[in-house]
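Order of writing sets the labels: A, B, C, D and E. Residues in every chain begin at 1.
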Amino acid sequence: MNAIILSAIWGILMMFSAVFIKSKTAPKYIALAGIILIFAANAIELYSGNSFFTIDVHDMLRTGSFNLTFIAVALGCTAFYFLLSGGEFEKTGPHVAEYFALIFFVLCGVSLCATFNTLLMLFIGIEIMSIPLYILTGSDKRNLKSNEAALKYFLMGAFSTGIMLMGIAFIYGGTPNASFYIDNIQLGTGKMPVMIAVGLVMLMVSMSFKVSAAPFHFWTPDVYDGAPTVFTSFMSTIVKVAGFFAFVRLFENSFGKIQSQWQTLIVFITIATLLIGNVTAVFQQSVKRMLAYSSIAQAGFMMLALFALNDRAKEGLVLYAAAYSLATIGVFSILLKMNDYTIDGFNGLAKKHPLLALTTTVFLLSLTGIPLTAGFQSKFYMLMAAVENGHHFWIVIIAVLFAAISAYYYFRIIQAMYFKEPLEDIVQTSEVTVSFKILLVITALMIIILGVYPELILGWLYH
Amino acid sequence: MNITTLSFILLSIMAIGSAVMMIRSKSPVHSILWLIIVFFAISGHYVLLNAQFLAIVNIIVYAGAIMVLFLFVVMLMNLNAETEPVKNYRLQLIGVISGGALLLILLSALMKMNSQQMVQMKIGDPGLISNLGKVLFTNYILPFELSSILFLSAMIGAVVIGKKD
Amino acid sequence: MDIKAYIVLALTLFTIGIIGVLVRRNAIIIFMCVELMLNAVNLLLVAFSKMHAVSAAVKASPTYASDAQIFVFFIMIVAAAEVSVGLAIIVMLYRNTHSVDVNFLNRLKN
Amino acid sequence: MGNYITFPELLIWLPMLAGILCFISKKEQSAKTIALIFSLIVLVISAVSLFYTDSKFATWNIVNYFYPNNIGNSFYVGLDGTGRLLTFLTALAFPVIFIATYKNNYKNAASFYGLMLLTQSGLMGVFCAMDALLFYFFWELALIPVYFLCSKWGGEKRIQATFKFFVYTFTGSLLMLIGIIYVYLHTPGRAFDDNTSSVHSFALNAFMNASLSASEQNWLFWLFFIAFAVKMPIFPFHTWQPDTYDQSPTSVTMVLSGVMVKMGLFGLIRWLIPIFPLATVKFSHIIIILSVIGIIYASFIAIVQDNLKKLVAYSSIAHIGLMCAAIFAMNQLSVQGVLLQMFNHGINIIGLWIVIELLEKQTGVKHISQLSGVANRAPVLTILLVIIALANIALPLTNAFTGEFLMLSGLYQFNVWYTVAAGLGIILAAVYTLNMIRNVFYGNTNSVVDTVNEISFNEKFILGFIVCLIFIIGIYPQPVIDLTKSAVTELITKIK
Amino acid sequence: MSNVLQIAWLIPILPLIGFIINGAGRNNLSKGVSGFIGSAVVFASFLLSIYVFIQVKNGHTDVLHYFNFINIESLKIAFDFKLDQLSSLFLLIITGVGFLIHVYSTSYMHEEPAKDFAKYFAFLNLFVFSMLLLVMGANYVIMFIGWEGVGLCSYLLIGYWFRNNDYTIAAKKAFIMNRIGDLGFLLAVFWLIAKVGTVSFDEVFSTVNLAKLTLTDKTGITLLLFIGATGKSAQIPLYTWLPDAMAGPTPVSALIHAATMVTAGIYMIARSNILYTMAPLTQGVIAIVGLATAVLAATIALKQNDIKKVLAYSTVSQLGIMFLGLGVGAYTGAVFHVMTHAFFKALLFLGAGSVIHAMSGEQDMRNMGGLKKHMNITHLTFLLGCLAIAGMPPFSGFFSKDEILAAAYANNPLLWGIGVITAMMTAFYMFRLYAMTFLGKFRGTHDQEHHLHESPFAMTFPLIILALLAVIGGWVGIPEVFMHGGHKLEAFLEPVFANTNEYVNAHHPHEHLSPSKEYILMGVSVAGALIALLYAWNKFSKYEKTELPSTGFAKLLENKWYVDEIYQSIIIQPLRSLSVFFNNVIEKKGIDGFVNGTGKAVNYGSRQLRWLQSGQVGAYVLLMVIGILVLFIIQLFL
């Protein structure tokens, strides 16, 4: 509750700050203060179990340690995001404060997605998350790529919203007690009614769209590629994992008991996602676009949570959220400093900026899932969840085979940085400040600490 | 066949026919006008279902505000001409076929339902303004408030994107 | 009236919307098709609401089948917000390219 | 933590600490010195550990920290006879490598030595880990630094070759990870519980008690086996090896071939056979056939190899194939032989690499056809090489003889024909080894070789040291056998 | 038990010390010193061997335990030495002949640089050490250690002049062929371990353990061991390395490839006599292989022109005769022949070495002739050696060969017949050799003629000693028919073969040949040999060089029945092609191709899949709709 309300309020605050404060750098600090405040408030709620605000929500939202931990992870990652990339907002356009405001609104949507208990709140949450993103995607107004991305994102997003609503309608129609509460669908143990089945598929399609799972991922590469990099970083991480959290929450609470009846669909989606994400990423020359595909690939792994749908899966998802977001934000923050977004642009980075190269390596290793990084722990939990599920065991093997392919494209960057010489004596990066380096190191350390000691997050799940 | 059924059929034909015309017409302005007719037909359905509030809102918000906005934009851009000179008929055919297949699959599955569930027509109070208002401002106060965020962000969006710098 | 009739109607409208999205290249019309899809959903929701209104179990609940109509209301709200953003994006695009053809811009691919 | 000495910890953390120190030191000379000194200290510790056992655990030296978690893994390390032997090999290999390549000047020496020591730490961890997840951690930890070492300091085609190696092993180990998870979920206890005592566990003994049906064992076996087979490597998973050995910097190749391939064998002994005894028995024939095919196949290829490094690589594949076959023969003779041979092979192949490194450094070529008559220029080198090469082909009174004798003898008790086929490997080994000696060292010198000088003191020293080890173990292998005897017995009783 | 033999460990250790000193100090020791050390240690061993021999003769046989080589629950292999009649006899031969050859070498190798000279002696000492280990080992593993050790030394010494490619190839060939045999040996050992769990001679040959072995086991084990012997002792099919091994320095040929190493196979079989006796099939195989080898090698020797090659094939042939002896159960005879052969063949080789020395390295007999007048001692000793090998009474060869032939006759007259023919051929080619070398007129260049000289004392001294032994050496085994109790050797070796004799007597005792028959047999063989001898003498003392190439059968013989070529084309070439096939096709195209192909497939897939991402919203939505369709079909209709 704290996070939802405070992030909404802080968004409005940011919005007004644009009117009163003309400084370009000030919004970043206000936003940082805000995110820390919200994080603290959320932490207090997590720790004490009580929100600052007592509102009768009619059970439309449910806060528990699980949700709050997830929100904490999302907020924490956003804090890192602000710290690492906050300074880059102004490169996109003049409305820095507005961008921050939009991001706070997105965070409000993220929090809603993490706590919703009715389909209505899910819908509103998703929309609150999406609409600001359409804007952020198109915020680089003069850039045709940004325009194109925004248009594609918007049209396809609206389309998927339509699908989702149709699904909700059918669920509503199929539920005997006419309710939108996700835990009140009252399914028997037998075969589910046709209307529910239709609604379920449509919901699955739209949620898959939001988390960019194949074959509903088509917007992802284009939008991530076209959007201003600094916002790609945000939307490919925090927003996406929030989508996943919502996805898992929705399907676990509403259809968890009859999982066997729809697991095949998830298997199909998971494999398609893994295949398309990993295989297509191999050929990409632009790091940004490669990361877009990699985010699809990672989504494939996160789909395992949906496949498994047990405690381990949820733990894994939270861990995955943290690991994946931190690493991707880290890589993007470095990418933002690069002058050339192609892989060749990274050639010989280790010579000039050993620290940048080292931290990038840590991030990429984490994304690959090498032990001692958070990425390994999260993948490990996912695999464990999937094995624990007991059905379709082979999907796990396919997943790891694709994970091996993922090493291929992540390591291309590492190879470029360490083992190749820069083409000529060009300026590779924009100015890299000491504080940025320190923050990078902290982020990398965070990843390693989580890799060694995932209890840091998992411990809160059952608080 | 009573009057209810008859109006249902008429309204349905109107809605579907206009919808088809909307996607078929070359001129965006005509499309918009066809769509407005669809909305009116749907509003008629609402009336038939005794959802008075939604019938009114639909006309005010959709047919009135939203579609006028569309019309306004189209006029502003002066798009009232042939805008899609190159037509890829094959792609269109595939589109129609796959859309049709979707419809077919869904209907064939849904029509197999054996339960005969009737819809309450013309009577019933869930759709009355007083009831809805009460529910909206008691049970649904939170989403109602939250939707303001949606509008705020839409507003910022309009500013950020639309404003000339 | 049988609910199936409404299902057929709503799905038909919905599918027409989808087909519209598939076959048209004018961004505004595609967007309108999405709106048509939303309206089909709205209609279906209201029909379901009235279908459930007969059920005794539902009558006992405090919100008594009006949830769906409230939901429709929210859909309209969201649609309105989407429209403002969507049209802003389309206008922006038009400003830069003088076209609203979705295939006109095709720099992001592969 | 108990009140006993914790060798496993020392062996793991000390190299890691040294590695980090190297990274920090920046200066080439200091990094070298740190690496050498620390590796020697580790060697001493390891040597002491050979004689130390906890009274509490009979033959083990165990450390176990539980840290709060809900999945039941812990920092659980221990040393039994096998572990002691292999940690000792690891501890021995690194100083030997450092001394032998002391004169090499690496670009970025600090990183080089740092990564080398990290590799050592990872290897130690692999040999000490008693917890499956920890084992997996170290398994990968040993791989990553090697990846960087090879890619950074290797030959022309290093990036592709190393990457192939990396992806190959990575895929294998991921499959193993699935296996680990599956077994874990079938260990006694429940997945998550506040009462830690009833949680599933990754501990080795829990794994051994996992309730796995025969059919489950059947496919789990392969998940584990592929990971180990890639690492060893066993035919047909071996193709990464020749390229990698060829392209890696020689000191890394020494680590790879001397110690790292033992990870796979060790994995079989520690993590495969005791956990899946039924499947082991069931598949032993298939594995042995694969291994034997590998022996003959690799030996044949070695005969026509012109590239010295690839020759040694294929020879190593053949040797490892024999060891793998012997493990699956599953009797005391064969397993004892394997343990002995693991150590011997490590020493011998490092010796061979040192010689090849010397040759390549001095002449700049590594192709047999380009070399000739080295014996004219460097007789001492030749003598030492010949001894090491003869050890490589298991001549009696060299260390490898005892190992191969025991292995083949054990294999014979398993099946005669496999032994005959594996025995052909001995003949073929003589063919390619003697060919190599003849072409490279005998005959008249050519222009490339004319510049070769006799080896320097520290090279002589280290090669001499290796030769001494070869003879000592060759003549009196009993201490090594005694060290691992109980471990072997334990394993055999497990399978029976 | 007596500890009088405890000192025996010194016997092998002394040469090892010599090896280490010479090996380590090769850069610093002068030729004199290294030659002295090399010879002295062997001489010391020889003295000790005599001591041991005397002790053994007095009945002090013993197994000396030093330490456990391998000791695990299921297998215990001790580092033990067994000193009994058989091994002590071999000790004498090895150290005795070895010492003489060392002495000879000090002079023969004098031209070599000091470094290589020391290396030579080091290797020679190492060889003696290995050979002693082989002979003294109390179990098959220790024997195998020596077995491979002598193979290694042979390899090293054949390739002593390592700059010469042909020599190193010969060395390699020798080692690899030995290895093939060694595999058989090893497999036999494994078989033993698997069946009786021990490799110690005493334990294996104990009644209890023998009872554990079925006939199949025994036949298998003995056959495998015999394969080992064919490698080491140059029998068909593994004999071809021996003639090539003549690439080494001549004293090496004398020591390793005539007197000692090649007899290891005979020693081993004699050691395992009881096993062989109990496996009649194997015995038959041995007899046939031995005889076949004897004939084959003898025929080849008829037409060889290289003095050392003739001797080499003669060695192969004589070894074949020894195997014939083993095959027909005449263990004593075989051992006896080993001993006499060691004397006269070492003598012949050293004599040949002396000739080569005088001829400045020339080995082709066609370029020799008439050396009689230049080299008295060499000529005379050589003649004695020839007579001995030709089996002329009362020279040593006569007694030993005859004992074998007599046993062969008892077994099967046909064997005897072929044996006699072989003996005739032996006499022929030896005297062809003798005549071409020493008789007639000199056919070499003038330079060579100018250099002709008798060898120095260090070379002639061993010749004289060996000639003496070649003459009288056979007297320890004078057959019963000549002298009652004359066969001292048989009496001496009796304990070694006691089991066998007992077994033979119990199972199928064959009656002794009547004395008259024995006289006849002897007479026939001696007469045959004499005829051949005289014919050769006659023919080749007038030998003239001719440029005519041989034709027909002669050519076949000259080219050694083309065995090398056959091996080359049916074994080596196919294997080589197989290697190339493995390397180029299966490895590179097959397995690695598959591995790389996976990578390429991913790359290709990547390139193809990205076309899905066409950049057009319409296409994206279409694909999504198709995806929805698929999901619906899965969910609703499957």
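Points to keep in mind about this one:
One rule holds in what follows: contacts are C-beta pairs under 8 Å (C-beta built on N, C-alpha and C of every residue); 3 or more make two chains touch, one makes a residue touch a chain.
Note that the coordinates shown come from a computational prediction; the quantities given were computed from them, not determined experimentally.
In summary, the chains found to touch both subunit B and subunit D are A, E.
Setting subunit E aside and leaving every other chain in place, the chains that still touch stay joined as one piece. Any chain touching subunit A that also touches subunit D appears here: E. Comparing mean CA positions across the assembly, the chain most remote from subunit D is B. The most central chain, judged by the distance from its Cα centroid to the centroid of all protein Cα atoms shown, is D.
Across the structure, the highest number of inter-chain C-beta contacts is found for B-C.
The most distant chain from subunit E, with centres taken as the mean of CA atoms, is B.
Mean C-alpha position of subunit A lies 77 Å from that of subunit E. Averaging Cα coordinates per chain places subunit C and subunit D 64 Å apart.
Annotation: 32 Å between the Cα-based centres of subunit A and subunit B.
With each centre defined as the average position of its C-alpha atoms, the distance from subunit A to subunit C rounds to 26 Å. Each of the following residues of subunit D touches two or more other chains: 167. Each of residues 599, 610, 613, 615, 617-619, 621-622, 625-626, 628, 632, 636 in subunit E touches at least two other chains. Counting partner chains per residue, subunit C shows two or more touched chains at residues 3, 7, 17-18, 21-23, 25, 30-31, 49, 51, 65, 67-68, 70, 74, 78, 81-82, 85, 88-90, 92, 102, 106-109.
By the definition of touch given earlier, these chain pairs are in contact: A-B, A-C, A-D, A-E, B-C, B-E, C-E, D-E. Of all the residues in subunit C, the ones that touch subunit E in their complex are 18, 21-23, 25, 30, 102-103, 106-110.
In the complex of the two chains, the subunit A residues touching subunit E come out as 151-152, 155-156, 159-160, 163, 194, 197-198, 200-202, 204-205, 209, 214-216, 218-219, 221-222, 262, 264-265, 268-269, 275-276, 279-284, 405, 408. Per the touch definition, subunit B reaches subunit E in the complex via residues 91, 94-95, 98-99, 101-102, 105-106, 109.
Note for the complex: subunit A touches subunit D at residues 311-312, 365, 370-372, 376, 380, 383-384, 387-388, 393, 396-397, 400-401, 403-404, 407-408, 411, 415, 418-419, 453-455, 458-459. Remark: subunit B residues 4-5, 8, 12, 15-16, 19-20, 22-23, 28, 31-32, 35, 38-39, 42, 45-46, 49-51, 53-54, 57-58, 61-62, 65-66, 69-70, 73-74, 76-77, 79, 83-84, 91-92, 94-96, 98-100, 102-103, 106-107, 110-111, 113, 116-121, 124-127, 131-132, 135-136, 139-140, 143, 147, 150-151, 153-155, 157-158, 161-162 touch subunit C in the complex.
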